[in-house]
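The same chain A turns up in both complexes below, where it pairs with chain B and then with chain C.
Let's turn to the complex of A and B:
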């Protein structure tokens, strides 16, 4: 293992200390239990929005705390769900009297810990709603699996719901909006390399030099199919086809196209992929009206990408364009 | 013969020590079908439990179990936190106020614990989870109680049943948790949660049998 860390068990704590030093204008950091809140929390009368999950996906979620996006983020150990005490403390810290929305990615651990936190918060008289994001088309949604994983769409849900809460919409409206975005967006990812969890010390899986893994998750879980490495254009087609045919997206649809880097893939390659993804969308008569390109939901140093499509309407476009000021995403300010 | 409060504390200490030794092995099992964190998470949780044990030594067994559960809930993370947290919290409720346990009490505690795991994780037998080790262990304990077997025989039977349940997860296709995303590819690997649950039951057998020799 070759990493710029001190001790594996100190990585998350030291990252939080760095964030605290770097962004005192945006966030406050609390320790034991660990969570990050926007500097002006709680915002009176505004719905609070919390997300959280294992660390190692930076900038998600801590980098999305700030005006126009999340009110708080709860970081777990690397690739490990945070715990209910963190989520409960964060929920209390951001409750401005209008209730709190938990945005949860569909992983067994995340869902169970957030459920326990919501139960504890409700016992204390707080108003909490939870929405589970499950956008990964690589996974079969059936009774025989834990359901589709929450991946790239999570970033878009956090941005759009953050804008809606900032506008003063109610908890029910913001939660319904999150469910709507979840129903309109789909993602598929792939990896060129594995990644190494610091406390594991070796790659999570082996991927030979000339092979790639299609349908990868964001925790170094192996995907569903391994094959010989293909060109960028062929990879885009392999990711876009199952996305487009899933909802399905239709000719005339307007979409946001999000080409995400998994952590080890440079922007030069993401733009190569974006160029082809737009071409594939247009071939289907789908119009790309907004985009996001870059490493926003990563898997440590994994090389690879995920592509997300979200069907847009006038309200979603307005919310997407609204100002946001966070360490990981800023526009309109 | 009964299980004393000191026996219970010894069991927790021995299990925590075993996790130190088996941390990498559990993580290896988890790398194959999950996300390579089960060993590290369990070890972190039980190290936190160890640091709280001195404050628990004059409590009843129910309170000790509940404190262990609450500690795991806030330190393990992942799915293991709520599941092992629920396991100990529910076991604690079942033996609330007790200063020693008969084999029947232990059967009640492990049954409540397993019910807690099932209701939190919603897994059934053969989903390739810790339930596959725990449920046979509970059944073996209850059968041993109804047959009037000794404490050590009952514990031995439960450990054997848990081990068989753990080994039986190898050919299964996972239907819960992160391993379920692999579909058929999850077959051929032993479930890490069933493994850590077998260790729990087996450590109880070994620790409590030794202390009553």
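Let's turn to the complex of A and C:
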């Protein structure tokens, strides 16, 4: 296993120490239980927004804590759900009196633990709503998941809901917005190589030198099919067609197109993919009005990509364009 | 070879098409000769700043074109110098009447071609200065290089000089500033794995499963030594010690610490490295006052890191903190 780490069991703790040293202007880091909160939390009168999940998907979620996005993130061990005590402590830390929204990717452990945390928080008198993100069109059920998996769209939900909370919208409004974004966005991913979880010490799966996997999950969960390597343009078509036909998106729609790197994918390749993805969208009469290109939700060092489309309207565009100040995404500040 | 590309010979052109589609608000892209200029170029009365070099190091340089950083970037084929006609066309495109600075990484081909372009531009009556960046302490001479290689510090030179040009400083002042930054910054890198150049189709070098290379260049050029894998903390010490003893940095110095990912390195690992790098700096009495953490100057999908230290003063801090609006680096706008 080739990794720039010390002991596998110390990776997340040492990452948090690095984040704490690097970004004291943006976040505070708490340990045992581990969570990251924005430096000025709780923001009085603002809905607090929390997400979390297994580590190994950086910059998501810890890199998205800050003004205009998340109020807190709860990192679990690599590819392992955080625990209810992390989520409860984070919920209390960001409650500014307007309630707290939990943005939860649809994995069985995450959903269960966030539910327990919400119940505990409510017992203590806090107002909590949870929205589950399940945007992955690749498979219906999967390892770790009943129903569709929550993947790339989560980044967009966090940005858009973060802007809405910053505007002063209510907990119900922000939660409804998260559900709306979840209903309008779809994602599909693929991998050229596996990643290696530090404490496992060997690749999660084997993928021969001449094969790729279409529809894979962000933890290396099985996708739709394995096949011989194809060109970038063919890969884009294999990802875009199931996305477009799912909602379905239709001619005249305006979308945000998000081409994500899985961690080990050179940026040069993401732009090659983006070029083709725009072409495919336009062939369907779909207009790309905003974009995001880069490694925002990763699977450690996996080589591969995911494509997310989100149907936009004037409100979503305004919220997407709003200022954000985090380590992983920044504009206007 | 596992890559998300179409034909190897089309990679750079298709990447440029992707950039053109993705960022029309930031840049204009020209073809044959290929170069990227900021959308409002030439900016009247402002020193124009150009860099360039082989592709495969994204986001450098094309991702750094925009307000507050570069006016143009000239991308060569992967790991291959751009040609003088690209540099000449870019120089003319960004000349706003205050002269043009060429920021050149110290590789024989880049230096020669930028010199030719500067000569041609001067023949046409343009005012051009060139500054060669050579910050890599690993080796004295190398494949492709006489003297030290230009590596991570280039990103910082581009940001700082971009801010100075935006402030209205003269060509001589901006060029002197580039030389000053070059004199105050040092870098060293290492790799866990090789990268694969698309048209080569196989890894640039072989590195056994239990070995790493210390002091490697951004094209996979040989470094100082190969050795058995070590912990992240040991790697940081092996990179920091030659950097600190080179200038030498001394107790009381204030520095910017840049922990760079080589392309295939998970962000979680970069924070683990940053944590230790701060500790090593502090052990020497050196205070880290600014930082940059992420994949900014890459070697395709190589797994590895480089660490750059730049001694700061009040002027450099002000310029580092100034607004920048590019695809690859953004703040304050």
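Keep in mind that, in the parts below, the second predicted complex is superposed on the first by the 328 of 333 C-alpha atoms of A that agree within 3 Å, B and C clash if a C-alpha of one lies under 4 Å from a C-alpha of the other, contacts with A are read in each partner's own complex, and residues count from 1 in each chain.
Heads up, the rule we're going with is that a residue touches a chain if its C-beta (ideal position, glycine included) is under 8 Å from a C-beta of that chain, and two chains touch if they have at least 3 such contacts.
Since this is a predicted model, take the numbers as computed values, not measurements.
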Fit or clash - chain C, chain B, common chain A: fit
First, second, both or neither for A:162, with chain B first and chain C second: neither
First, second, both or neither for A:52, with chain B first and chain C second: neither
Touching partner for A:42 - first (chain B), second (chain C), both, neither: neither
First, second, both or neither for A:219, with chain B first and chain C second: first
Which of chain B and chain C A:108 touches, first, second, both or neither: first
Chain B versus chain C as contact partner of A:66, first or second or both or neither: neither
Contacts of A:140 with chain B and chain C, given as first, second, both or neither: first
Chain B and chain C, minimum CA distance [Å, superposed model]: 18
Chain B and chain C footprints on chain A, overlapping residues: 78
Interfacial residue positions of chain B with respect to chain A in the complex: 27, 31, 34-37, 40-41, 44, 73-83, 120-121, 173, 175-178, 180-183, 185
Touch list for chain C against partner chain A, complex: 2-6, 11-12, 14-19, 21-22, 55-56, 58-59, 63, 78, 192-193, 209, 212, 229, 231-233, 235, 263-275, 278, 288, 291, 293, 295, 298, 300-301, 303-305, 327, 330-333
Footprint of chain B on chain A - complex, ascending: 9, 33, 54, 76-85, 107-109, 112-113, 115-116, 139-140, 143-146, 149, 197, 199-200, 204-205, 217, 219-222, 224
